[in-house]
């Protein structure tokens, strides 16, 4: 009898959890979509913000470009470091202690709050190195932000390569580096690209690392690595926080989410392609 | 010839790895450097325990105790809301669903993790805060509770994925034996899987706490940004929001400026401790 | 003629001693079978000979002479080129049949397309896959059947023109028909190559090998012509093993 009650309560808990979460997800997307779709038109996507205060009219084109460029720089910077570190840990590092140490460091890096990374970027890149608020400063800061994510995933992928295939290559007298480039990396390619793409999505959506290092309220499409940029998440914040235009804010939010959706779809497609080739 | 190429490659890899590891040291050093200027004026003890934050006043008036509390309080509220939901979803994922349905649900949860925090803050402001103002006639809906609600959605994916991972393993290990005894699935979950998952539930809590405490944009837009002692329905301030909000206004090199760095330093240390904790909990779990 | 002379070989992984003071000579162009219960060090013996041992975390003492010279005086990659190895589980690289067979030649610098094509054709003919695969060279090697994959792996090992071929239980993952195919292949190959095969299948050893070595607990118990090992073993333990008393 007691068991029946417990069972009933338990199942109710499960169902309620599922319902609540489903509702929340549907609501999140629906809300942005419904409210934002009205603001999106060609002018919105392709022109600069205008009006007084700036942003109340016009579009968000420089912010879209800014976000994409920041994401690009962040991905390049972080993937070089992350893939190298992953290769080192899986193939070159012989000491368990060093491996654990590196894992600890990376766990800690993933725990540094994004605003503190912004402070760091500000202190080192903007001020000390004199890059100023720029695409470069923001891109590098974002790169540090997504570095742990990529490293952990790439390491996992490299580890999962069938050891007997690697040994077979060595048994033919082939060197480690040749094996890495001709066998191991091609096997892992889709997963690595997928990880970088997902990380790029996170970089694009992050506002706090770039508040202090790159983003400004208004800037044209950047001309060099050292120009300040507009970025979608920051623009959304400004439009809302300064109360400039709710309408345009919805539009900005929707554009941001759609861009992220595209990035995620690319990543999923890559995943499916990998599963098929197995 | 081949040998030189090999050695060069290995050397480059080692160098890049070394640089990556150095990053953390750099971060700690730079933040500390800028905070140190402040700590020379105000000892760290006073900074952490003092109750007033007034950038316009003398140095002694820059302290962050209420803000530290606010940071922790909002996260805890978020976790309290999210934990039952997250564990529930994890149970459903690991024991009641398979293959395609499972992947689909995981996909949805991952999507939640991918929504940028500004968007959460935005929706939080327009929906949650407004809800409090309209429904309950609060003067202002910005509150710890609003922050907690927004955070709960954001940390949900972390709780689900950490718990589901270990519940998967536990389920696989014990389900056959349990079924052979003829007990119901729900009984098995309540008596075997949940107790056995305690460790990973705790790990997910700590993970969520770390995530919540470091969150900037989403909380900033819904908590009211008042550096006072936090109450559930009252306004509060968190360290990340403080920094994001006031850094633009602080003159480079001023005490206010260094004070903000000092706050960032304290936050960083708090989160470093949380993450070391996570590392050790995870390490013990794998054994 | 002894192509390999193993003298007082002891192999250990960390503190664990796996092969104890083993000495034997491998004769050229003959098939030598290594038999013994699981875990007695047979596979380790092979990976020591082609110097894969270090990558697996082990060390050895004693001496191995390859064609009269100390094996350590050769460069590692040369040793592996001259002493090829095929593993228990077929390990085709995840690309086409053609690329699998040109992988090693390309590494060693052969670029000429005609030459590579000849290597592929000849290798496939050698391992009896030519008729089956000649029109499907671009097919992914992972889509081949188990028996075909293993023959491909043997062929791949042959593309670098080794003198010795080491095989570690190559048929244990295959069915009877494929096993018979590979046994036939090995007998063919032994005209040109020296073959050392680790096997737990006693009838296989009886069928194809010229010499058999029985290893127990890391020690070489008996090593003689196969006929003699199976019909009139000198050591009591050998007798018990080949009669199937313990496995």
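A, B and C label the chains in the order they appear, each numbered from 1.
By our rule, a contact is a pair of C-beta atoms (placed from the backbone, for glycine too) under 8 Å apart; a residue touches a chain by one contact, two chains touch by 3 or more.
Here the structure is a predicted model, which means the values were calculated and not measured.
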Quick one: point me to the chain whose Cα centre is farthest from that of chain C. B
More contacting C-beta pairs: A-B or A-C? A-B
Which chain wins if you rank chains by how close their C-alpha centre is to the centre of all protein C-alpha atoms? A
Could you please state the distance in Å, as a whole number, between where the Cα atoms of chain B are centred and where those of chain C are centred? 55
For chain A and chain C, what's the span in angstrom between their mean Cα positions? 48
Intercentroid distance (Cα basis), chain B paired with chain A, Å: 17
Which chain A residues sit where two or more other chains touch them? 175, 178
Junction residues of chain C - those touching two or more other chains: none
For chain C, which residues are in contact with chain A within the complex? 50, 52, 55, 76-81, 84-85, 87, 89, 91, 93-95, 103-104, 107-108, 142, 153, 156-157, 159-160
Show me the residue ranges of chain A that touch chain C in the complex, using the header's touch definition. 162, 164-165, 167-175, 178, 182-183, 186-187, 277-278
In the complex formed with chain B, which residues of chain A make contact? 3, 6-7, 10-11, 13-14, 16-18, 20-22, 24-25, 28, 31-32, 80-82, 84-85, 87-89, 92, 102-105, 107-120, 122-124, 127-128, 144, 147, 151, 175-178, 198, 201-202, 204-208, 211-212, 233-234, 236-237, 240-241, 249, 253, 256-257, 260, 264, 268
Looking at the complex, which residues from chain B come into contact with chain A? 2, 5-6, 9-10, 12-14, 16-17, 19-21, 23-24, 26-27, 30-31, 33-34, 84-85, 88-89, 91-92, 96, 107-109, 111-112, 114-119, 121-123, 125, 127, 153, 156, 184, 186-187, 189-190, 210, 213-217, 221, 240, 243-244, 247-248, 252, 260-261, 264, 267-268, 271-272, 274-276, 278-279
